[in-house]
Structures are given as C-alpha cells and as structure tokens.
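Alright, structures below, take your time with them.
What follows is a pair of complexes built around subunit A, which joins subunit B in one and subunit C in the other.
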Partner chain A sequence: MLNEDTRKLILAHFWVAFIAFVAALALGEWQMYIRSPLHSWIQNPELYYRSVTAHGSAMGYVFPTLVAMGFGYAISELSLKQPLIGRRWAWAGLGLAIVGTLTAMIPVSMGLASVLYTFYPPMVGNPFYYIGIVLVVVGSWIWVALMSINLHAWKKANPGVPIPLPMFANVAAAYLWGWTSVGAAIELLFQIIPAALGLKTTIDAGLARVFFSWTLHAIVYFWLMPAYIAFYTLVPRAIGGRLYSDSMGRMAFILFLVFSMPIGIHHLFQDPQVGAGFKFLHAVFTGMVSIPTLLTVFTITASVEIAARLRGGKGALGWLKALPWSNPMMLAVAFSFIMLGFGGAGGLINMSYQLDFTVHNTQWITGHFHLIFGGAIVIMYFALAYDLWPHLTGKALKDIFLVKLQLWLWFVGMMALTFPWHWVGILGMPRRMAYFDYSNPAIAPEAFAVIMSFFGGLLLLVSGILFVVVLARGHLTEKITLPEFRFSQAVHEPSRLPIALNSFGLWLALMIGLTVVNYGLPISQLLAVKQTSVPVVPIGAAR
Partner chain B sequence: MSLDTPQSQRAEAVAQKAEARWAIVVILIIALLLGMMTYMGLHWLTMPASRVETIDPSTLHLAGEFMEENLGSAVEPDGSVTVRLVGSQYSFTPQCLLIPTDTPITFRGTSSDVVHGFNIAKTNVNVMLVPGYIANFKTQFSKPADHVMPCHEFCGVGHAAMWAHVQVMDKTEFFKRAEKERRLSCVK
Partner chain C sequence: MSEQRLFSRKNPWLWGSVGLVAAVAIVAMLIGFVWMPYSQSKKGESLWTFICRAAGTPLSAGPTLIPTTPPARPSNVIVTAQTMSADNPEQSIGRGGTLALRCSMCHSTQGKLPLAQSTIPNLAGQNSLAIYKQLRDYKSGHRVSAIMQPMVESLSDQDMRDLAAYYASLPVIRHGGTPAVKAPAIVDNGAPMRNIGACVTCHGEVATKAGAPYLVGQPQAYLRTQLMNFANGTRKNDINEQMRNVARNMTPAEIGLAAQYYGSQ
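Then we have the complex of A and B:
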C-alpha cells in the first residue's frame, strides 16, 4: 500500500508529465500540418523551429523523466514494502523539474532559443533555455540518489535477500540515467552555457557533438526502462500469468546498464571529427545492446504464453486465441511488441553504417525514434499509468472501453505517422524542414506520405487527449477498497541469487569503464587538437 | 494452480532449452550483421571517414583548398574526381555539383559557420559538415541523373530553403569539358 503523501507525490509527477506530454503532442501535430501540402508555406519558419524545440524538449527531457521518477517512487515503496525515504527531497526534485521546465520554455516560446532539443552548437540561444534544462536534470539526479538510498536501506534491513526485480530494474534505470546525463551536462556546463552567457566567443562544435552523443543514445534506454519494467513486473500479473524467468529480467537490465553508453558515436557515423576506428567500435557495441531487447521479447512472450495456457490455450499457436484480449494491458503489450519489432529492425539497419549512409538525418530517423519511443515505449507508459491509477487515487478506473479505444488510436496513429516517414526517408527526404516545395518534381511524389503522417498525428493527438480525460475521470468516481498492489510473480521466485544478479558494483564499474574506453580517446584527441573552436553563432539575438 | 508439480518442472526444463536456443540465435543474428558490416567495410572500402582534418572556418575563404575558385569538381592526376564544397547559412557553394559517371569521386566539404550536412537523394551519399573540420566521403555514380541535395542538419531559421542540385553526366562528356575548365560545376 502506498503512503498517502507518496501517492500525492507520484500523482504530481504523473500529472506534470502528462500535461507536458499533451502540450508537446499538440505542437507536434501543428508541425505536421504546417509542413504538409494541406497548408501553404509557413510565412515565418522560425515559428516552426520554436515549436520543434518545445516539442523535443518536453518529450525528451520532461515527460519521460517525470514518468520514470514517479514510477520509480511507486516501485520503491510498493516492492520494498517500506516507506519512501527522503520524500521531502523528492518534492524538491519535482519542484526543480517544474521550475526548470518553465525557465527553459519562456525563452523558447519567445523565439530566443530555437536551437532544437539537441542544441546544435555553434548556434547558441538564450542562456535560460540551457539553465532550465540543467535544472530539470539536477531534479532527476535527486531521484537517482533517492533510489540508491532506498535500496541500500532495504538491503541493510534484509541482508542476503534477493532485491525484488522491480526495484532492481528501477535502480538500474536510475544509475543508467545518472551516468548518461553526464555527457550532456559537460557539454552544457563547460561549453554551451559559458558561450550563452557571453564568457566565451568560440566553441568546439565537433567535441560538443561527441559529448552529446554520450547522452543521446542511452537517454533512449532511460526512456525505455519504465516500459521494460512494466513488461517484466506488471504485464504477466495483469493478464493472469507468471513471469517466465526472473534472472533473465535481471540480466536484461544489467546488459542495458553496461552497453547503453559506449555506443553513442553511431549517431556520428557521418561526422568528420571522429575516426573510423571508434565508429566501428561503437557500431559493434550497438549490436550488443540489441541483445537485452531480443532476450526480453522471448521472456515476455513466454510469460504471455503461460497466461494463455493457464486459461486453457492449446496448440503451437492456438494459445494466442486464449489470451485475454479484452484486457487493456494485453492490448498494450501486443501493440508495443509490434512497434518494437519494426522499430528494432530499423535500429539494426541504422547500426550497420553502410545502410545508415542512405538514411542518416532523413525522415527515416524521425520515423525510427517516434516508432520506438512514441510507440513501443509511450504506449507502455499509458498502460502502467492505468495499472497504477486506482492505487494512486483510491478510486476505480471505470472507462475500460475508452482505455481500449485510446490504445487502439495510439497504435493506428503511430503506424500511420511513422511508416510514411520511413518510406520518404529512404527516398532521401531530409528531416527538420519547416516546408517543402511540393511543386519540385523531385519532392512531389513524397507529398502523399506527408499527408498520411498528418492524419496519423491527428489520431495520436485525439488519443493523447483521451488518455488525460480517462485519468481525470478516474479522480471523480467513488472510493473503493483496493486489494494490495502486486507485481508479477516469477514461475520460480528466487530465494537466493548469485551476488552478481543482486548488486550493482561490478556492473557500474563496467559501465563507467567501457564509457571511459570508448569515449576517452576520441574526447582526449579532440581536446589535444588545436584550433577546433569556431565562432559562436547567436540565435534569437537582435541582428 | 500450483506451479511446482513434476509436469510444470518438465515444462520449465523445456522452456529453459528454448531460451538457450533463442539466445544462440540472437547472438548469431548480431554476429552475422556485424560480420557483413565488417566485410563490406574492409573489402568494398565503405568505411566511414577515417582521418580527422581541421580547418579554421573564419579564414577558409581567404586561402587554401576551400577558396571560392577551388570549389567544384576537379580532375586529379590519377583520373579520379574531387568535389569540394562549402556549406553556409543557407546555401552550398557551388549550388549545383557536376559529377561524372563511373569515376571514383571524393567529396571534401566543410562549413563556414554552423553545422550543416547533405544527402544526395536516392544515393548513399551522406555527409556531415561540422565547422572546424573537413569531411571526406568516397563514392561512385553509375547512371547519369539529376538529384536534389538538401541540407539535412538543422542550421537555423533558413534551413528548409537550403537545397542544392547534383547533375551526374556521362563520363566522356565530363572529361571533355574538364580539359577546358579547371573546376567544374553546373551553376548557371
């Protein structure tokens, strides 16, 4: 059972996250409209890039971070069965995230920092944009520390007992984020903010891109963690099955922790400031990081099969019919896996750099990460919010039909949005364009795909609004007596675990060690090369 | 239902074997993909750019290989062609690249201000132009064709207007023209 104040804390995180999410969703759909043939050329493209900056910053830094934090606090209290330690610090972390979001969004909305959420120095915008992002990240670091503190308090009280899988995964996510955010933090604190404040007039754009790549890929695994925690610890229980393998879950989370960081240079395959050797090395490690996902797909499918067989499912594939398809969690995990399948296959293509030459920085990439993050991951955020909601409000969530409609709309909308993007990406359509000249015969055939994406986005917007409506209505029903919250049980619950599967020391050492090896040399080489700094180009300043 | 019956333990053993099989399949898939990538990289020389070269963007127009008169396509003594270009807010110089078929091509490019990049539509050519560094990309074109060449990295408010063109022309015609001009482009 959740403590009353912890409930408020988690609800506050979720509501801030979901409001930011719907606002950013609306901006995204406006962008889809404005750049489609349905609208004439935008008179002021600066407005478009303002919107992209706000959309990316809210969807990348605010929404998933606050979902992970809120879910993390819930996991800590529910799985360890001990009151959350440091609740006041947690509120302070949330406060920092809110203040940071507002600090960042004011200059963005004024057009003073239209640099997109990936920053792109030597363009440098208003310093408050970057300071705001830093505040959000510092707020999340409080969460990282609290997750570690709560786990250690529990371990002290329960020596030798296996850490419950949800908390093990949650703390892995916290450590992953703590370390991966360091790359962007270095870029912001030592390169961009001094330039934005006018203390420096030059910046090494190539080096900044290397620092950012350290964060840029692993941040996606941080976004993914709540979804994977839901796969392992909510889905089997919600659909009436058992988790097939507890230790496989632990291994998957450990592999993410170790392999998420030393791979980010695959974002820089076409960049001139990193040599071929490190590009190759990072490509190889990118291959490794697909292993935990492929293992997860197996384990969760096996767990789902257990549920089907417990419900009387028979045959090699006939058990699929016996699954509880009317259960929203079943629907969510099925949709998530379909999107993960396509998105993951796209990811393997991006990793193979000869293939990446065809699609780098085209709409294919936009399609890829919207399918993985917006599709496979965010649909599980919906599912975990629905699952937790009664335990947060103390009230029943009654709109099961609306919930299912919402999930269907999200799935269909995401497919309609991202498949055309992948297609035009292969044709060479670049990303981040405020408008296209559809009268150009080289671009005209792509117009239809852009219109399809617009309609996909429309379904997503409707679905997003429906999501917050269902949650808001969940506050309005009558109080109920709730059963105790349960996470999934494994077929064989571990009673003892090898120390490697029950602690983080070794894995954190590997995580840091591999990052230092794979990033240390490219960074120190760039630091050693002279005359790589270039003049800052101010954005949003009066000319 | 209890899950500790002999029957369920048998099921567990079956599942564990399936799991091990799957892990092997996964590792083989990844190894195959990485093997293909390595093979192509080494044998077809399709590796990402390897040398890190630097250049000062504030003086590149004054001297050296990226002065305006040196931009465009140049025939090298070994018969290959080097295409030099510069990205600036919000255009490429030259805006129209002229390239021969069936000839080894090396693109050399840089930026005079912010980060740019370009892809040549329906080809594998894809290059980032980061100020301070020189980008290299080797390729070959098999058919005469016209391609669009957009800037594909956000470079400021005018980014969406930054499109160039590439004209791939027959090799013999190209080299005939190259005898008369030191640098070739299709800028009119």
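Then we have the complex of A and C:
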C-alpha cells in the first residue's frame, strides 16, 4: 500500500505530466492543421517553429520524465514494501522540473528560442530556455539518486534476497537516464549556454551534435522503460496470467542498460564530421538493441498465452479468442505490440546506413518516432496510469467504456497519423517544414495523405482529452477499500539468482566501457581539431 | 547468494558478458575500419591511411585539397582599365545574376548585409575589376579562404567576369540615416611621414585606382580583419605589397578608425 504523502507525490508528478501532455498535444494538432492543405499559409513560419519547440520540449523532456519519476516512486514503495526514502528530495525534484518547465516555456512562447527541442546549434536562442531544460534534467537526477538509495537501503535490510523485478527494472531505467543525460548536459553547459549568454560568439556545431546524439537515442529507451516495466510487471497480472520468465525480464533490462546508449551516432549517418567506421560500429550496436525488444515480445506473448490457456483457450492460435479482450490492459498491450511491430520494423530501416539515405530527414522519421513513442510507449503510459489510479486516489475508476474508447481512439488515431507520414516521407517530403505549396504538381499527390494524418491527429487530441477527463472523474467517485497492490507473479518466482542478475555493477561498467569505445575517439578527435567552430546564429534577436 | 562475488574470475557472467560485448565490438570494428574501407580504397593506400579515414581522422585530405598558404609567386592577375570591357554588358549582368544565386547564402540576395560585425564583404555596387581580381586570386590560391576556394573552383573566366559585372550593376546602398561623419586623418590625408597614402586616393570617394575596391559601406569587422591580415602577412595577394606596406605602417588605432569610418558610411 502506498503511503498517503507518496500518493500525493505521485499524483502531482502524473498531473503535471498529463497537463503538459495535453497542451503539447493541442499544439501538435495545430501544427498538423496549418501545414495541411486545409489551411492557407500562415505567412510567418516562426510561429510554426515556436510551436514545434514547445511541443517537442514538453513531449520529450517533461511528459515522459515525470511519468517515469512518478511511476518509479510508486514502484519503489510498492515492490520493496518500505516507505520511500527521501520524499522531501522527491518534492524538490518535482519543484525543479516545474520551475524548469516554466522557465523554458516563457522564452519559447515569446518566440525567443524557436530552436526545436533538439537545439540544433549553431542556432542559439534565449539562455532561459536552456537553463529551464537543465533544471528539468537536474530534477530528474534527484530521482535517479533516490531510486539508487532506496534500493541500497532495501538490499541492506534484505541481504541475498532477489530484488523484485519491478524495482530492478526501475533502477536500470534510472541508471540509464543518469548516464544518457550526460551528453546533452555537456552540450548545454559547455557549448550552448555560454554562447546563449554571449560569452562566446562561435560554437562547434559538429561536436555539439555528437554530444547530443549521446543523449538522443538512449532518451527514447528511457521513455520506453515505464512501458516495458508495465509489460512485465502489470500486464500478466491484469489479464489474469503469469509472467513467463522473470530472468528473461532482467536480461532485457540489462541489455537495454548496456546497449541503448553507445549507439547514438546512427542519428548522424549523414553528418560529415564522424568517420564511416564509427557509423558502422554504432549501426551494429543499434542492431544489438533490438534483442531486448525481441526477448520482450516473446516473453510477453508467452505470458499472455498463459492467461489465455488458464481461461480455457485451446489450439495453436485458437487461444487468442480466449483472451480477455474487454480488459483495457489487454487492449493496450495488443495495440502497443502492433505499433511496436511496425515502428520497430521502420527502426531497422533507419539504422541501416544505406537505407537511411532515402528516408533521412523526411517525414518518415517523424512518423517513425511518433509511432514508437507516441504510439507503443504512450499507450502503455495510459494503461499504467489507469492501473495505478485507484491506488493513488483511493477511489475506483468507473468509466471502463470511456477507457476502452480512449485506447481505441489513440490506436486508430496514431495509425492514421503515422502511416501517411511514413508514406509521404518515402515520396520525399522533408520534415521540419512550416509550409508546403500543395498547388505544386510535384507535391499535390501528397495532399491527400497529409489531410489523412491531420484527421489522425484530431482523433489523438480527442483521445488525450478523454484520458484526462477519465482520470479527473476518477477523483470524484466515492472512497473504496483497496485490495493490496500486486505486481505480476512469474511462473517460477526467483528464489536464488546469480549475482549478475541481482546487481548493476557489471552492467554499469560495461555501459561506460562501451561508451568509451564507441564515443571516445569521435569526441576527442573533434575536440582536438582546430577551426571547427562556426558563428552562432541568434534566434529571436531583433533584426 | 551473498557469498558470490561479482568481479571474480570464477563468475561466468563476468567473462561471458564482457567477452560477448568485446567480440561484437571487435568484429564490427574489423568490418567497419578494415574490411569496408579496404574494399573502397585506392590502389597503393596503406592500411593505416584507410583505418584513419574510417575513424574520421583523414591524414592527408585537407592540405592537398585546399592550400592554406598562398604560393610564393605574387598574384598573376594583370588589371588594366580595359580588363573588364565586355562585348555585351547586358547579357553578362544577366548571366552573373543567375550565377550569383550560389553566393547569396553569405553575400545575401542584394549583395548587401545589414550587419556591421559581419566578416563578409558587401558586393553591391562594388567595382567589377576588384571583384574579378579577387575571384581569380581565390581560384589560383593567392588569396586563401576555406570557404571561397571551393566556391570558385568550378568558375570559368567568363563566369567570374559575369559575376563581377552583376554585382557592379547593383546600386551601392549606404547605411541610411547616419549623418556624414568627418573622415579621420588617416583616410583623408594618410600619414606621409610613414609612407602611408590616403585611403581615399585609391578606394573611392575622391579617386579610384584600377583593381582597388570601393570601401564605403563595407562592414567594419571585415575591413579591420583584412587590414590586420595585410599587416601580419596572412593576406598576400596585393601586387608589390602595396597594401601590406600600408597596413604594416598603420597603428591598430588607425586601422580601427579607418574601418569604423568606412563601416559607418
């Protein structure tokens, strides 16, 4: 059971996250509208990039970070069955994240930092934008430290006992984020913020991009962790089954920890400042990171099959019919896997050096990361919020129909949004464009697909609003006596584990070692080469 | 379980995982740094050359492509008052206008940048002979620039004449609104005791000498940089060291004054 103050803490994290999410969702849909053939040109492209910056910063930095933090606090207390240590620090972390979000969003909304959430130096905007982002990240570092502290306190009290899988995964996610955020932090603190404050007039854009790639890919795996934790530790229980293998889960999270960070140069395949050999090396390790996802798909499908067979399902595939399809968690995991399948297949195309040439910087990429993150991952955020909500509010969620409708709308909307994006990307439509002239005969055939994706976005907006409505209504029902919160049980609960599967030292050493091998030379070489800096391009300055 | 040690040679997880990751890295490196670059290498290239290229640290590409020091012989462009006489000036300007599209990224579509701190010269209304000479010097490597040299690489002699004609045809745009400032002595009178001629005797306003650029309205930062480069010998494409002799004898304060004056006009 959750402590009363921990409940408030988690609810605060979730509500801030979800409000930022719905605001950013509305901006996203506005962007879809004004650059579709349904609207005439807005004349001022800066407004569009301002909106993209706010949308990306909220969806990339604020929303998933706060969900991971809130969920992490819940996991710590629920799985370790000990009160959360450092609750005041946790509130301080949330405070930093909120202050940071506001600090960043004020210059963005004034049009002083329309640099997109990936910063793109040599463009440099108002320093408060970057300082705000740093505050959000520092807030999340408090969470990283607290997760580690809570685990160590528990290990001290329970020597030799296997760490519960939810906490093991949660701490893996925290360590992953701690290490992966270092790249962008170096870029911000040593390169961009000095330039934004006017202390420097030039910036090494190539080096900055390498540092950002350190963060840019693994951040996606950090976003993905809560969804995967839900796959392993909530889904089998929620649909009445058992987790097929606890060790497989540990292996998956360990593989993410080791492999998801030193692969970011696959985002720089078209960048001239990185050698082809390193691009290949990173492509190979990007391939390696598909293994934990394939392990997960196998394990969770097996776990779902267990549930179906317990419900009397028969035959090689006939068991599918016996699944509890009216259960929201079942719907969510099915939708998530479909989107993960398509998005993962697209990802394998992106990581291939040659195939990437055809889709690089096209709408295909926008489609890809919306399908994976906005689709497969965010739909599991919804599911885990629904699952936890009664334990946070002490009240039952009664709108099961609305919950299912919301999940359906999100799934259909995301498919209608991202499939046309992939398609126009193959046709060559570039991303990050404020305007397309659809009367141009070369672009006219893309108009239909763009309109389709606008309507997909509209469904997503409706679904997002429905999501917060359901959660808000969850606060209004009468109090109930809650059963104890349970995570999934494995078919074979671990009683003894090899120490490697019950600790992080080896995996952290491998993660850092692999970073040195894969990033050491590109970074030190770019640091050593002289005259690689270019004048900064001030954004939002008076003309 | 507590008696197990993680970092122990007896732990199969340790050498298993480290060995596996190292094996993947080594195989990937052999393919990425040796096999693939070898299959794409030129005949006679050493192993070390293409390993370095794959790592992004080319040993020899830079210097041979773009010379960083000008040749020892002086610029071979001979300018006379007739150098730029075109058979069909209208056509030349038109062609130059088309070619100038590739210059507009830095020199703007009007050939004129609004920034006083720009290190890029304004080209609008510039003397065509001056532009032509500088383009020729960039192409031959007598004037060194990592940006301009690749840009002029593909230009023919006629292309350079057309570009010069086009930019010369644009109106000179002065910094509007600034009240006329009295020129500093170095600009109007020079410093005869130190063998410095007045700027205005070659660079416009009073008189113009063939091949010398108009300086009015050029960005201050650009002028200062060029004078410093002449003074310290980085820039060497002036025949008989005309400008180097002048700039070497100017004080930093005079350089600043001259640049400020022309930049504000």
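Here, the second predicted complex is superposed on the first by the 543 of 543 C-alpha atoms of A that agree within 3 Å, B and C clash if a C-alpha of one lies under 4 Å from a C-alpha of the other, contacts with A are read in each partner's own complex, and residues count from 1 in each chain.
In this section, a contact is a pair of C-beta atoms (placed from the backbone, for glycine too) under 8 Å apart; a residue touches a chain by one contact, two chains touch by 3 or more.
Quantities reported herein were computed from a predicted structural model and do not represent experimental measurements.
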item	value
If touched residues of subunit A are counted for subunit B and for subunit C, the larger one	B
Touching partner for A:274 - first (subunit B), second (subunit C), both, neither	both
First (subunit B), second (subunit C), both or neither touched by A:284	both
First, second, both or neither for A:5, with subunit B first and subunit C second	neither
Partner chain in contact with A:242 - subunit B first, subunit C second, else both or neither	first
Touching partner for A:160 - first (subunit B), second (subunit C), both, neither	second
Touching partner for A:514 - first (subunit B), second (subunit C), both, neither	second
First (subunit B), second (subunit C), both or neither touched by A:360	first
Shared subunit A surface residues [contacts with subunit B and with subunit C]	273-277, 279-280, 284, 288, 525
Subunit C-touching residues of subunit A, taken from the complex the two chains share	159-160, 162, 258, 273-281, 284-285, 288, 496-503, 505-507, 510, 513-514, 517-518, 521-522, 525
Residue ranges of subunit B touching subunit A (in the complex, touch as defined)	1, 3, 8, 12, 15, 18-19, 22-23, 26-27, 29-30, 33-34, 36-38, 40-41, 46-54, 56-58, 89, 110, 113-115, 117, 119-137, 146-148, 150-160, 163
Complex contacts: residues of subunit C adjacent to subunit A	1-2, 4-7, 11, 13-14, 17-18, 21, 24-25, 27-29, 31-33, 36-37, 51, 53-57
Subunit A - residues contacting subunit B, complex	45-46, 48-49, 114, 116, 120-123, 204-206, 209, 242, 244-245, 248, 268-277, 279-280, 283-284, 287-288, 290-291, 294-295, 298-299, 302, 310, 348, 351-354, 356-358, 360-362, 427-437, 440, 442-443, 491-492, 525, 529-535, 537, 539
